[in-house]
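The structures come next, written out as structure tokens.
You will see subunit A twice below: alongside subunit B first, and alongside subunit C after that.
This part shows the complex of A and B:
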């Protein structure tokens, strides 16, 4: 077992290898927009302070989700429950309602996103060449259940301070390719 | 990627670690007993059990979602089915059925096939007002609140009070939409 924040985090984005080490950082938000967890493995450049950074990330996801749902050309179902607000961008939705996106990619990174029906949002930012991480995010959700939710000392809705969760997360994230 | 089919409650129940049923039943009994001693009023005990259940429910929902692969339910009917068929099976090891729907589909009853909490239990005369299993109603209420459904959960039939089944009434009060949590000027 290694201590988290170990010395194998290099200062520059490493080339993707089979052994992983592709993750840059991860955010976990709850339904109220509280950043429960922020982990950073490889992020040489910071442009904002932590609080602004978290808020910007949450705001982006919120808007992007709203956009993807409103642009959906296929489903009637989305509009039935809030038929009054049909077509209005930014109208509140029930968590999990409507279609959503699961990742986007830029030339320098890939952002993968998962939202559970309970409103938990897990965001993982990795090297742009990483594959489909939906299963990985599910696995991380399971780690969260085992190490955070089942921890009786943890107060729901509070920032996560569970060493065991961080350790197992760091270990798992190293294996992502 | 096609959506993964929800796992059955049986499969999940079989895959987790179990404790001895008597230990479970007796532990719960000891908790209720202690609450009766501490709080004295039966009404207070009902409230406390409900609150304890609520606290469990808000955590349990994540385990339920993570293990069952249940994604969003289309309507309250599907939700009730998921609780009865998967939820109760997964955590208590008992099945349940959904009945008594009202006309607009916002109120229904969940009838338990069996209730492992009440083995060895008889209510004495002094505790006739006690809802012995009130923790369960709290769990359902807490779990549903975390998926944006405000509900009211009450016992309508309780075998400890001489009825012929355990029946929980779940009434949907409102669904809470997700709103942007920050103010613009923050």
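This part shows the complex of A and C:
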């Protein structure tokens, strides 16, 4: 698990890979699975109501993470390490523990995922042809630190309602992918 | 070094019908491989429901920290296209989502391995030739076909040689 450097926003955001707005939506979850932020830019299909959709998304990420931790082909599973490292399927894992994942791709979308050491999960859903968005997610995390965490009126764990964060996020997301 | 770490084939209801390990550290036991396979089946279906646009057919590539998982779904067996249907009962509207479920093949390989779609196609061809055309094979049951095993290990070996040759 890599930890992220200083909280100051780097002067130049990562270079965009192509032009145009390819982002579909974005979710931010805290470590308890509460959806702190949901932004939608381009989503023609809704199969569920908002609350069910957030629950399903968090469940998908949770299960995929325990799946990747279990499948990890590079770490040995000895008996005393078994419960510690690879875990059993479905048992929650701490952020940074076990093998995690950073993206998956289907024929209609690509989901990029980042988990911070504090358990905050940032999920960005974009066009399937977008490249690696790990740097972009780190930049969005920096925006979160700058505009949400440093906001004196914001109570940690509450849904994010910061105008400045939303506008800078929209602006940045339009520039990527 | 093998080209791939392991290969799984799951039937349309999520049961593991074939699993082969090509030298990953800490081989999974039978129960765990069954659990992982059915978990993948459900994750594949949920990913279709969360799609922002219509026509999603599930995860094709999962990029984890230490491996890549490439998945290929056959077009036969199960439902071909995912669709949403609606029924009305006592003036309440119920929406149902029916994901597409076919036979799924997935391989676990090193991060950034390139030509895995081709290998999956080759494995699928072997599956149709030596498993589905086998008169003694019952659909959706575990695969125990000697010819499939032989040809599969040849294909993997050829792939490994191609990988090392580059």
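The rule is short, and it goes like this: the second predicted complex is superposed on the first by the 148 of 177 C-alpha atoms of A that agree within 3 Å, B and C clash if a C-alpha of one lies under 4 Å from a C-alpha of the other, contacts with A are read in each partner's own complex, and residues count from 1 in each chain.
The rule is short, and it goes like this: a contact is a pair of C-beta atoms (placed from the backbone, for glycine too) under 8 Å apart; a residue touches a chain by one contact, two chains touch by 3 or more.
Quick caveat: nothing in here was measured; it's all calculated off a predicted structure.
Asks: Which touches a greater number of subunit A residues, subunit B or subunit C?
Replies: Between subunit B and subunit C, C touches the greater number of residues in subunit A.
Asks: Based on the superposed arrangement, let me know which partner A:32 touches: subunit B (first), subunit C (second), both, or neither?
Replies: first
Asks: With the two complexes superposed on chain A, say which partner A:153 touches: subunit B (first), subunit C (second), both, or neither.
Replies: A:153 contacts neither subunit B nor subunit C.
Asks: Mind working out whether A:125 is in touch with subunit B, subunit C, both or neither, as first, second, both or neither?
Replies: In the superposition, A:125 touches subunit C alone.
Asks: For A:45, is the partner it touches subunit B (first), subunit C (second), both, or none of the two (neither)?
Replies: Second partner only.
Asks: Regarding the shared-chain residue A:145, is it in contact with subunit B (first), subunit C (second), both, or neither?
Replies: First partner only.
Asks: A:59 contacts which: subunit B (first), subunit C (second), both, neither?
Replies: both
Asks: Does any part of subunit A touch subunit B in one structure and subunit C in the other, and if so which residues?
Replies: Common interface on subunit A, subunit B vs subunit C: 59, 77.
Asks: What part of subunit A is in contact with subunit C in the complex they form?
Replies: Per the touch definition, subunit A meets subunit C at residues 24-25, 42-45, 47-48, 53, 56-57, 59-60, 63-64, 66-68, 70-78, 86, 89, 99-109, 111, 125.
Asks: Enumerate the contact residues on subunit A facing subunit B in the complex.
Replies: Residues 31-33, 55, 58-59, 62, 77, 81-82, 92-97, 116-120, 132, 134, 138, 141-142, 144-145, 149-150, 156.
Asks: Going by the contact rule at the top, pick out the subunit B residues touching subunit A in the complex.
Replies: 1, 58-59, 61-63, 65-67, 70-74, 146-148, 175-182, 186
Asks: With touch defined as at the start, can you tell me which subunit C residues reach subunit A in the complex?
Replies: Its residues touching subunit A are 5-6, 24-26, 28, 32, 35-36, 39-40, 42-43, 46-67, 69, 84, 95, 97, 108.
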